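Please find the structures below.
You will see chain A twice below: alongside chain B first, and alongside chain C after that.
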Partner chain A sequence: MSDADLAPGTAALGEVAAGASEGAASGHRWLGRTLREAAVGYLFVLPAMAVFAVFVFYPLLRTFWLGLFRVAPYPTIPSKFVGLSQYRSVLTSHDFFASLGDTVEFVLLTVPIGIVLGLALAAMADARIRGIRFFRTIYSSTVATSVAVVSVIFFTLLNPTVGLFSYWLGIEGGNGILQSNTWALPAVATVTVWQNIGFTFILMSAALQAIPEELLEAARIDGAGGRSRFWRVTLPLLSPTVFFAAVVGIIASFEAFGQIDLLTQGGPDNHTNVLVYYLYTSFQNNDFGKASVLAAALFVILLAVTLVQFRFLERRVFYG
Partner chain B sequence: MTESSGAEPGEEGRLDRRGFLGLLSVGAGGLLLGACSSGSSGSSGSSTSPTAAFPLGAAAKASSKPTTVTLWHSMSYNNQTTLQKLTDAFNSSQGDVHVNLVNQNSYTDTLTLFTAALSSGGLPDLVQMETVNLQLMIDSRSVVPAQKAIDAAHYDLSDFLPSTINFFKVQGTQWAMPFDISSNVLYYDQNAFKKAGLDPAKPPTTIAELKAACQQVVSSRTAKYGMSLKLDSSYFEQWVTLADALMVNEQNGRSGRATDVVFDGPVGTSLFEWYADMLDSKLAQPTSATTYDNLLGIANGIAPICLETSAALGTIQSILSGGQYANVKLGVAQVPSTTANRNGVFPGGAGLYMVSKSSPAQQDGAWQYITYLDEPAQQAQWAVGTGYIPIRKSAAALPAITQLWATQPEFEVSYQQLAQSPQNVATAGAVYGPQAQVEQAIDSALSSISTGTSAKSAMSQLVGTANAAISSYNARVGA
Partner chain C sequence: MARHWGRAGRYALLTVTAVVVGFPIYITVVNSLLTPQQIAHRPPTLFPLHPQWGAFGQAFTSGHLGLYLRNSAVVTVAITVAALVTSVLAAYAFTFVAFPFRRALFFVCLATLMVPMEATLIPNRQTIGAFGWYNTFPALIVPFMASGVGVFLLRQAFMQLPRELHDAATLDGYGHLRFLLRVVVPLNRPIIAAFGVYAFLTSWNQYLWPLIATDSNNVRTVQIGLRQLESLSIDQINVIFAGTLLAAMPIFVLLLAFQKQLVRGLTAGAVKG
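Let's turn to the complex of A and B:
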C-alpha cells in the first residue's frame, strides 16, 4: 500500500483525535463525544461484522430455521414446514444418543491424554541438553502434516490384509483394528492424539519458556524440590495455556471429521459415528432438515460446554 | 446398482477415495485426486415443458452452430481416455453438435454438484449417474426421459442387452440410456484351487458349493481362509435377486413407489445365516466394504476366492501383470447362485440422463450423442478400452470384441451373466429413493454380523433402519 492510499485514513484519524480532545475540554459535550467515539468504533468493526454476518451469522440462523422444515432431497420439490417436530424426533432418536455417546467417548479419549502427553513432551524438551532442538523439531513435526495424510498413512498401517500392525500382531486377515467394534474408536482417537500432539507441544513449550526463571529460583531457595516446584509453581503458571488447550481441544474433538471419514466412515456398525459424521451422512442423504437439526444441536452443545468451562474451570486458572 | 458394481479400483466412480486407498495398499498408489472442475453449461434460454414432444432435429435447425452440449461424467484413466476419443470422433463426425466433457471425479460428487446446480444454476445438458440414483433422478423433476426421444425417433431398442435397458425403465418410461455397465463376478486363484484339490475349470456355481470349496481350501491348508466376504450390500442384493426374491415392495419399486423393504423374507434371512456361518466358522474372512482387501486376499494368498465388480478386471490384470504376484493365476466366473435354481443378476454401473432445463437444440444434441455412443461400433471400442460390457448384442459379435474374448475369456463372463439373466422384476433391480442409504445400512448389518451380532437381530435392526429411511424419503418428496 502506498502513502497516497494511507493518506485519507490518516487524515480521518487525525480528525477523530482532534474531536476527542475538543470534547474533553468541554464537559457538557461528553455524551456527544462518547457517541461519536462509539460510532467510529463501530465503523471500524463494520467490515469484519459484514463478513461475519454474511458467512457466519446468517448461515447460523438459517440452520436453526431450516431445522423447522422437512426438506426435500431436491430443490425442485418444495420443503414442508413441520415446526419443532423435526427437532423433537431427531434429538430423541436412538441414533442421536448413540452418536452423542460416541462423540463424548471420543472427546474423553483425545483431549486429556493429548494435553498430558503434550505437557510431558514439552517438560522433557525443556531440558538444556545437547541436540534438544532436534527433538523439539521431531515433537512438533505433526503440526506440519494434514489430517488427510495422517489418516491415509494410518489406514494403510492398520489395514488387516497388508498393514504392518496386523503383521506385527500376527492378526492378518479378517477384521482388523478399524473393523472392531471395541477398538475402532480408540484407534481413531489415538491417530487424532498423535496428529494433535505437535500443536499441544508447541503451546506448552512456549508457555514453559515464558515462566520467569526468578520464580523457580526463589522456590528452589525456599527449599522446594523438583516435584513440588512443578506442581506449585510451573503448573499454576501454565494453567492459562492448559485451559486454552482444553477449550480448543474439546471444540476440535467435537468437530473431528477427516480422520473418521478416511479411517472408518462412521463404522463398524456406527461405532465411530460421531455427531459431525452423523450430520455429514444426513447431508449426503440430501436430508438437509435433519442435518440442520444436528448442526444446531452440535452448536448448542459446544456453546454450553465452552460456557461451563469458562464459568467453572477458569476459576482455577492463574493468570500470573 | 451399488458402489462396487459401478467402479473399478481407483479408476472411477464413488470409489475414488476407496480406490485411492486400495491402490495405496498395494503400493501401486498414484494420486487420483484429479482437479475438481466446476461444470460450465451452455444451458440458457427456453426449456421444454414436461409434456412437449422431444425436439428431434432441433440442433440441425439451430441458428448458431455448433450447439454445445456439456456432459458431466466420472470416468478416469483408461475410461476417460476412451470416452474422450469417442467424443472427439463424434464432434468431428458432424457440424451441428459439439460435446464438452466435464470430469466431476466421482458419482457422489456428480450427484452433489447436480443437486446444487438445480438451485444455483449451471446444470449440464447430460449427466452420467450411477444406477443407484434412478429414483432420485426421477424425483428431481429435472430430467427429460429418454423415452420421449425413443418415441419421437422410433428408436429401436431390440439390439440392446435387455437387462441394461430394463434397469432404467420404470412403469413403461425409459428414464436414462445405459452407458457404462458391469456386474459382480467371482474371482479366484486357479493355482490355489489346484493345490486344494479343486478343479479350476469348475468354479462353484451355488453358495453351497462355494462353502464346500472354502472348506476344502481351509482343510487342505492351502490358505488361512477359503474366501473373502466383502461386507458390501451389492453381493447380498445380487444373491437376493439370484434367488428370484425382491429387495423392496411394489414389485421392487417398479409398479409403484416402494414403501418397505421385503428382503427379510426366507431368502434374505437364510443369506444372513449363511454369512454368519461362513464368518463364524472362519471359512471366510470379512473385508471392509470400503477397501479392496478381498482382491488383495487373493494376491497375498490369505483367501483365494472373492466377489467383486467386473469393472475391476482391467485393473486387477494390470496389477497381476506387474509380476509381483506370479504365483496367482486368475479365474473369473459368474456369481454363484443362492439356490440350485438360478434366476439372474441386475446390472451395475451408470446411465446417461438428459436435463430438461437445456434448450431444445441441446436436448437434441444430447440425444444424438447418446445414440452415437450406443452404436455397436462405439460400444465395442468402449468395452475394449475400459472393460465395461458392450451393451449391444451386435457389438458382441464385432471382431474387436470376439478377439478380446478369445484371448481373455474373463472379459466375457460379465456380459454372458447379464445376457443369460431372465428378465423379471427381480433382475430389473430395485428402484427406490434412499437406496444408497439402505445399502449403507446393509453394509453396516453385515459388518455387525462379522463382529458377533446374531443374523436374526442384525436383520431386524436393518429392516427398522431401512424402512425408516424409506418413509422419511417418501415424506420429503411428498409421496
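Let's turn to the complex of A and C:
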C-alpha cells in the first residue's frame, strides 16, 4: 500500500491540528465530518464484508469445529464431541492417503503438461502471419466451455459401446478407458488439460505480447538465434506468468470435482477418488465430521501450497 | 531456405494442433446434427451431409434445457450484478474514503482469496438450510454476491486515478456517491466490464455448490442439468451433444462479444503492465 493511498486520512489529520488551534466550534465540525466520512466508508464495505463474514469466515471456522464431532450412524442420535481424535483417525487412514495420492498424481498429470502445452501454443501463434487470428480463436475456444460441458462431451466420446474415441482406441465393445484402473485417472487428467488449454493459451499469449520488442531485437543484433532468444530472453521474462499459471493450476487441480463426478464417480475401485470427491461422498453419506476434517485438510494444504510457492518460487522468478 | 521451411513448418504445426484442440467441439457439433444410428455407424461420420436439427428440440423437451438455461440466467445475472455493486462500493471505500481499520479490512477481503469454496461447503449447506433456502435461488446467489477478486482488481484500478481528481471533485461539492457514479465508474469502465465478464463466466460454470444446494429441477442450473442429460440412454446420444452445445452457447456468445474484456479479466494480476 502506498503513502498516496492514505492521503485522505492524512489530510484529515492535518485538519485536526488546525481545528484544535482554532477552537471548539470548528473542532466539532471536523469531528462531524470525520464521523460522517467513516460512516460512508463502513456503509460501502458493509455489503461485501457481510457476505464474507457469513459465507467465508464463519463457515471456515465452523469446518474446523465440526471436525471435532463424530456423527452417529443413525440420524436420530446427536453427534458426539470427540476432540482431535477424529482428525487423527481420518488423516492417518488408508483411505485418506490413497485419496491424497490420487490427488497429487492428478496435479502432476495436469499442471506441468498444461503449462508446457499452453506456452508452446502461444509461442507458435505469436507470429504476424496470415490467418493467425483463426488459429488463436481455436486455441482459446476451450475457455468458453465448463467442466460439466467438457466432461459430458468426453464421457460420451469415451462411451465403451458407441464412443468415437473408444472406436479409435480399438476398445469399442470392451472395457471403457474410464473403467480401467490404470487409465481412468490419466484420462480424466487429459480431459482437464484440454479444458484448461484455452485459459493457459490466453494467459501466455498476453504475456508474450507484453514483452518489449526491443529486447528481442537487441538479442537478435547480438547474434542470438531463435532458440536461444526464446530460452534466454523470452522465457525468463515469462517466468512471473508461468509462476502464476502454476499456482492457479495446482490450486484448481486440488479442487477438481466436476470432471470426477461426471466421468468416473471416484472409480474404478477408488482409483480417481481425489480429495474433493472423497469429501463429497463423505458428506453425501451424512458423515459431516469426516467431511469437515477433509475440508479442513484441503484448506491447510492449499494454504501451504500458496505460501510455499510464494516463498520459494518467487525469488527465482524474474520481475523486470 | 531454412526460413521458408520454417514458415511452412509453422503452418503445418498450427494446423495439426488446431485440429487436435478443436476436434472435441467440432465433433460435438457434428454429432448433434446426426441421428443416434448415424453416430453409432462405423466408419464414423465426420461431416453431417444431411443435418438433422431434431436433437436440439429434444434437448428442450426430454432434457428440460429451457428450464435449466432460465435458472442459470437468473442466478448468473443476479450474482454478476450483485458482485459488481458490492465490489465497486468496497473498492471505492478502500481507495477514497478515510475510516478506521481500512487497511485491516482490505486485508480481510484479500484473505478470502485463500479460502477455497470446498473448505466452507458443509457449514454453508447447513446455513442455507437454517435460513430455509435449500432449493431456492437465494441459496445459489447470496453466497457469491461479494468477490475478493473483484474488490482487489477494482481497487488496483481505482488507485491509478490521479488524486487531484478527487480533490477537484470535492472542491466542486461532489459527495462520495456522486464522485463514484460520475467520475470513478465511467473512467474505469473497461476494468469493471472485465470483472463483470469474469464474474459471469465463473458463476455460469459453477458445479459443486449448485449440486449441493439444490435437488429440484425447478432451480437447478444448466451445469447440473448436464448431469441429468449425461444419463440419457445412448439412443438419445445426439440429444446429449446438442444439450452440451446449448449449455455452452451463452459463454461462446459472451466470448465473441467481449473477447478483450474476457482476456483482461482472465489475465488480470498475472501479467505485469
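By definition in this document, the second predicted complex is superposed on the first by the 263 of 320 C-alpha atoms of A that agree within 3 Å, B and C clash if a C-alpha of one lies under 4 Å from a C-alpha of the other, contacts with A are read in each partner's own complex, and residues count from 1 in each chain.
Definition applied: contacts are C-beta pairs under 8 Å (C-beta built on N, C-alpha and C of every residue); 3 or more make two chains touch, one makes a residue touch a chain.
Everything numeric in this text was worked out from a predicted model, so none of it was measured.
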Please tell me which partner, chain B or chain C, touches more residues of chain A.
-> C
Please work out whether A:Lys80 is in contact with chain B alone, chain C alone, both, or neither, and reply first, second, both or neither.
-> first
Now for A:Val152: first (chain B), second (chain C), both, or neither, which partner does it touch?
-> both
Return first, second, both or neither, reflecting whether A:Thr161 touches chain B, chain C, both chains, or no partner chain.
-> both
Name the contact category of A:Ala122: first (chain B only), second (chain C only), both, or neither.
-> neither
Using the superposition on chain A described above, determine whether A:Pro268 touches chain B (first), chain C (second), both, or neither.
-> first
Between chain B (first) and chain C (second), which does A:Ala189 come into contact with in this model arrangement: first, second, both, or neither?
-> neither
Which partner does A:Gly174 reach: the first (chain B), the second (chain C), both, or neither?
-> first
Which parts of chain A are in contact with chain B and also with chain C?
-> 152, 155-156, 159, 161-162, 262
Chain B partner, complex, touching residues on chain A are 70-78, 80, 152, 155-156, 159-163, 172-175, 178-181, 262, 265, 267-270, 281, 284-287, 289-290
Chain C contact footprint on chain A (complex, rising order) | 1-2, 4-5, 7-9, 11-12, 34, 37-38, 40-42, 44-45, 47-52, 54-60, 62-63, 66, 121, 124-125, 127, 129, 132, 134-135, 138-157, 159, 161-162, 164, 167, 194, 197, 199, 202-203, 206-207, 210, 240-241, 244-245, 248, 251, 254-255, 257-258, 261-262, 276, 279-280, 283, 288, 291-292, 295-296, 298-299, 302-303, 306, 319-320
Once bound in the complex, which stretches of chain B touch chain A?
-> 17, 21, 24-26, 108, 112, 115, 118-119, 136, 139-142, 224-225, 282, 285-288, 290-291, 293, 296-297, 300, 302-303, 433-434, 436-437, 440, 443-445, 447-448, 450-451, 453, 469, 472-473, 475-478
Listed in rising order, chain C residues that touch chain A in their complex are 7, 10-11, 13-14, 17-18, 21-22, 24-25, 27-28, 31, 39-40, 42, 44, 85-87, 89-90, 92-100, 102-103, 105-106, 108-109, 112, 114-127, 142-143, 145-148, 151, 159, 163, 166, 176, 204-205, 207-208, 211-212, 223-224, 226-227, 229-230, 234, 237, 240-241, 243-244, 247-248, 251-252, 254-255, 262-263, 266-267, 269-273
